[in-house]
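In what comes next, chain A is part of two complexes: it sits with chain B in the first one and with chain C in the second one.
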Partner chain A sequence: MPRTYETLNLASDLTTTRTLLHESIPITGNIVSGTYGVYGSERNIKNYAHGQFQSVYDYPYLSSSANHIFDLTMGYDETSVMSSSTSIQNAKKINMYNEFSQVLLGYTGSANTIEIFESDLNFGDNNRQMKEVFFVNFSRLLVKDQIKKGSFSISLSTGSWASGTPGAINATTASITLADVSASETGGTNNKGNAGEYGVLWRSNAPASGAYGLVFYQAGIAVITASIFSSSIVGLQQDFNKTPGGVKQSLSASLTGSSISGNCDAFRHRLQNLSFNNSTEINSTIYFCRVPHNKFNYSTNPTYTSASQIRVKAKASDTPVSYLTTIGLYNAENELLATAKLSEPLKKDPTTELTLRVRLDY
Partner chain B sequence: MSYKKFESTDIILNTMRAAPLCEFIIEPGAGAIYYNNRPERTGKFVSNVLDVPNGFISLYELNIDRYNTSSAEHAAGVPMNPLIYSFIEKDSSRYSFKTVMTGSESDWDVEGAGTKLYAAYPFSASITREFMTGTTTQQYKAEGSPATSLLANGAGQRIKCTKTGSSETAVLEMWPCSASHPHYYGLRQRLDYYKWRSPHYGITGSSTGSGGTPAWIKDQQKINLISIPSIFYGSRIKPGTVSCKMYYTGSLIGELVDNKRNGELIQVSSAWGATVTSGTNNVAGVVLYDEGFLVLTGSWNLTDDNVFLVRGSTGGSPVNPQWIYFGAGAQDGINYTTVTIDASTGDAPSNITFKLSFRGETETSVLTMFAHAKRGETNFSNNPTFIKHGQSLLRNTSSHVYEENTARTIKNTVSSSFTNQSASFKRQVYISRIGIYDEARNLIGIASLANPILKTDDDEYTFKLRVDL
Partner chain C sequence: MAFLDNSGDIIMDAVLTDLGRRRMAAGNFRITKFALGDDEIDYSLYDRDAVSGSAYTDLQILQTPIFEAFSKGTAGINYGLTTMANNILYMPEIVQNQICNDSAVKTSGGLIYVAANSETATALKGSSALSDTKYFLESGALVGSKLVIESGINSTDVDSTVANTGIYLSNQGMLDTTFAVDFDSDVFGGLQGTTTNSRFNNNNSSGRDEVNMKLRNTGIQGGSPDRSGQVRAKINAVANTVTDVPGGTPKSNVSALKGPGGTAAAMNFTLNPAMTNTKDAGTTSSIWTKKGQTGVDLFGDGNTYDTLTTTVSVTGEASGQTQQFTLKAVRRAS
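== the complex of A and B ==
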């Protein structure tokens, strides 16, 4: 129990800092397809009875060690040419598109129309609209506070399906890489949506370089246009999908004739690499605890005295000495809130004056 | 949007106390520790999906079944599945990784501002055994004095420092300086402090008879220190739950429990072998509940057979199993799997198994809030679909006037019991989420319901929200 307290001057003895801790998150195609079971029934992929999305784990999900890494779904706007009453899960695909659009972008116009995704930073100009998209909704375990701007990259295979092994795609054919190369901490993003900032996913290599998706940094969601797999962009794709039964489907046939989970399977099998860096904010308060030369030269530790005499003093004229081991932080009512321990005791006598820097992270 | 204020009776803050069970099985002959009977899980890329040895906890468990393929392996067809790692950029906040920096780009003193400092996952933890003993009775002398013996040849042994004269071989003075076992010295004060709990914590035992020698001096005893990281037990080890069992060829030869809940580890089981002093009711050590240590000093034989539980630099030594050998092989830096066995003098370490079990204590603050949706209230939604589709938002707008359409109607969502018949309109909403706001009306939390709750004007609901702090 201290006898004296040194009051902190809130103007000069206190400051706050913020530091970003990052993690590099690589997700290879090996994790999301082909490793833990055969195409269409992998043990690390969870499909639900509602059929609205599928969950991807990094290990068979029945194991307690498995981590949920992202959810995958697709959808299209009701004005898309894919929208038809004859399409499989037509309403659900529209609902998924609308749900994400509502959450990420919001509404527009006097009639509160749902916004349409656009592969640019101005979602109000109706240019470069993406009406058929895949959504990759990353787990908060991986995203933490947010995806680091300028670090997102995804590579997708654009080859045709191999004829032998189920789920295999010809390895010799090309892939495309999308990255948020124009985004950084200082610009290249839009924060006018409902879910924080987003950046544009660019394809830099020819042919057909341009923007083909968005990444929402705080929400941890990537939106990728299905047209990335169309013949006008990648130059082939008569067989975007191959059902577990072995039936090949073009992009439009798959979007309309396969379920959401079927399209997600096709997308997963075309995912070669995905990587980003996440960020975690560490907020700190730093207290500068000042130890004046004429204070804290005495200890209330029971071992400080022996037979009513200070151990470290041989005679009365000796200067007192103490060793600082702990700093206690108290509130205005002198209630102990926290203690800070020194790695080794600091010698203190009336000839020295110290400032101890105490950092509190939260 | 209107806000409802939590009243004082709507918020409860309490503490949930749990006692997680921890069990370690140590097999020195196999060089293995098993934690809570967890088997090794084989993955597609690595033999152990957690990437930590058995008996260890992986702190974040982020790298599951991942393997950091080298470029040569990748060229040879080994699939890429790189590890997740963390990094930080050096700046004026002086943040860094404490002990896990790797690579040349990790040196805080050398690298400039903005440089990335890396840390490798996984972070892991397990129990550790430290066998602390001195070698011989050491001789000390003051300058000009003959050498005298100091009996601190146990855990309290200190390294001998010497002062030599003009000739290097002429030793003038010898004295004990730094500790051979600094962990013992780190705990020495704490052990003595807990004498109020039991005298067995004391560094020195009470003397027997007038002028007799102390019952024990821990400095001179061989001490077996078992360190348990707090990630296993939480706030402290729960008193009365510690159990140490030693098995020889599958049979229990001794068990220690802290059944008095005062930290004393008392042997309760009968010893194995008729020729061995049983040791039942003897105190073989103490538990530091708050600090997570077991300090074992029991050095009586638990069986009359010898086992190779001591290993030197070249070979092993057969000894009678005693409590000071408990936990041999638990991260004590000794490889018992390759010890040379002389079957004529003792058995292999594989004949011995140790089991350590205890319960921890974790305390979790739980905030419970009751959110009330009263009758006649909470009956409107800001969701755009709450209003019937196709109605104009504005009634009148010009450079002078902006007037919303007050005649817009709410969509009737009342379900009819009959086909081709619309039910009468009733005011109702579906509650799907509850937002929690601070005093400045910043949204600080959202509670989502598993299924939306239908609330009509006549209904009254109370939602119980719970947050583990």
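== the complex of A and C ==
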């Protein structure tokens, strides 16, 4: 007899499951600044001629070992006080803000005005608007299917620029930690935007301390208000940024007087720690391969016979035995679509019935 | 009272094959059946008479390490488990017949040569190493040397009688009336199989052998479901009624089987037309270069040949038994 195929009853021999896998993604500040070169010329930071964003890698990006971990950019709404024809890259900063807003939130009103980011869960009430923001756009490599709700945390330095080492931040001043502490799988998020759910980033892990950003879970984007570096919050007056030429810039001076990449450099140098858990959704189909007692007891393996006699039998009435190591899943045309292996040979004879569960992940 | 061991729960993760990925990409991925394989198992390790007791009969088999899943080719299910009645003791084998009329004979290296054209055939026959047409097939030829196979019981424990053919083969559903032939379509462009008026017996009315295996061209059915990258053609078989007839031609003069025969078939192969140029035609097919060697002085006689070695699998469609043959295609290059 040729190879035996056993037909699966697709109503009773098949089930599907959904499993969420999570990975912890820690990003320390010295990866994104300081490790691979001095301030302004890090080899793991790629800036582009268009100047609209910069890409951050975990290793010098010219190396094949480098992984893209996130893109960084900033922008402001056209109604922001920062918006001025004299501002450096004014149009591009507005364009970046608008692009993120229209993709993540959408439009409002009969004129289809682009929404403005708000540091709350209701972007339609025009409260707590964030008109000047930094965008941290994480690579799909890290985010996988989505950021796990309630796991996002980012710590930013609020210290002044230290003298001496280029780009160093004075460590004596406390940092700010933003986290989506009120978000969970069961609530604390908004899903009315255009890009899935988002949660609010609260300062110091306590909602009462104020909200300064949003995290879009499925899109893998964090939106952080620039005002977190303003004097009213952290006391930064003169030196949010320090240009490679050594000129100290306040927050407003930097937002208007430095390019997008210059502001991204400043933000990146203030990034101390960043962490989240990603989520991967695995959908599985489990096939219950039921092996009846009276089937699959012989083999067409060339070693199964010696001089035509079945090796496992001395006489015809002996019990046939076979040893299975592999399960093949076939379509109706007998095409082998998937295989599964046992860890050790499994004995099969007419006294045994087996149910082998074969899981196929998608 | 101890608890029962329930650690035997078996959950296996499946790996998509190349074909499975293609079917998924095409949107027609639908699993409807399963089969079981045992390619890693060497049943010769089964010790029916283990002196240490029956627990040791399959100890070595059960300790066989298992490979991870393959995603290419047959993915480790080249043969597979099968279902038969519980009282079976013998299973048919496929053997090459090298003794009947016009049957090809393997060289000492276990190879069967396939000459690309008549020029090459002439050169092979003239070589000191081969010197006889029985040592090679000629591409596409319907007459002359051919690869002859038999399916039947290859044991002297069972008498070669027509009755035993019925008992051990026909009644068990193991009479191979057709064979599936899998081969590399880059190398072979066609196949010749047995005609229905072929004969394979030694018990005609005169008690003489009557072996006359005729060939006709056979179409390729499509891709082999069992061997990735190969195509499949099917050839018919004729009844193998060579038996021990008192006063007749001895069975061993005609048949390679030691027990009752079931069927017999013959085949020849047509090389890819691009590979059959004569030596003066100039262009050498890239297939010789990519899969074989060119300009080899095979026999030390100054003639050089393009050569290519390939494997052909023949599977009995009723018995499920498979036999592989190694063919060496050759073309005279100079």
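As a convention for this text, the second predicted complex is superposed on the first by the 351 of 362 C-alpha atoms of A that agree within 3 Å, B and C clash if a C-alpha of one lies under 4 Å from a C-alpha of the other, contacts with A are read in each partner's own complex, and residues count from 1 in each chain.
One rule holds in what follows: a contact is a pair of C-beta atoms (placed from the backbone, for glycine too) under 8 Å apart; a residue touches a chain by one contact, two chains touch by 3 or more.
On a predicted model such as this, the values are computed, not experimentally measured, just so you know.
Engineer: Applying the touch criterion given at the start, work out whether A:59 contacts chain B, chain C, both or neither, answering first, second, both or neither.
Structural biologist: After superposing on A, A:59 lies in contact with chain B but is clear of chain C.
Engineer: Go through the superposed model and pick first if A:6 touches only chain B, second if only chain C, both, or neither.
Structural biologist: Second partner only, chain C.
Engineer: Comparing chain B against chain C, which has contacts with more of the residues in chain A?
Structural biologist: C
Engineer: For A:195 in the superposed arrangement: first (chain B), second (chain C), both or neither?
Structural biologist: After superposition on chain A, A:195 lies in contact with neither partner.
Engineer: Between chain B (first) and chain C (second), which, if any, makes contact with A:88: first, second, both or neither?
Structural biologist: neither
Engineer: Examine A:307 and indicate which partner it touches, taking first as chain B and second as chain C; both and neither are also allowed.
Structural biologist: In the superposed model, A:307 contacts chain C only, not chain B.
Engineer: Looking at A:103 after the superposition, I want to know if it touches chain B, chain C, both of them or none. Which is it: first, second, both, neither?
Structural biologist: The answer is neither, since A:103 touches no partner chain.
Engineer: Residues of chain A touching chain B in their complex?
Structural biologist: So the residues of chain A in touch with chain B come to 17-26, 28, 30-31, 35-36, 58-59, 63, 65-67, 107, 110-112, 141, 273, 282, 284.
Engineer: If you look only at chain B, which of its residues touch chain A in the complex?
Structural biologist: Of all residues in chain B, those touching chain A are 41, 43-45, 49-50, 61-62, 64-66, 79-89, 91, 93, 95, 384, 390, 392-394.
Engineer: Please give the residue numbers of chain C that touch chain A in the complex, ascending.
Structural biologist: 9-17, 19-20, 23, 28-44, 46, 48, 58, 61-64, 66-71, 74-77, 79-84, 86-93, 153-158, 173-174, 225, 258-259, 315-322
Engineer: Quick one: in the complex, what on chain A touches chain C?
Structural biologist: The contact residues of chain A facing chain C are 1-8, 10, 286-287, 289, 291, 294-348, 350, 354-361.
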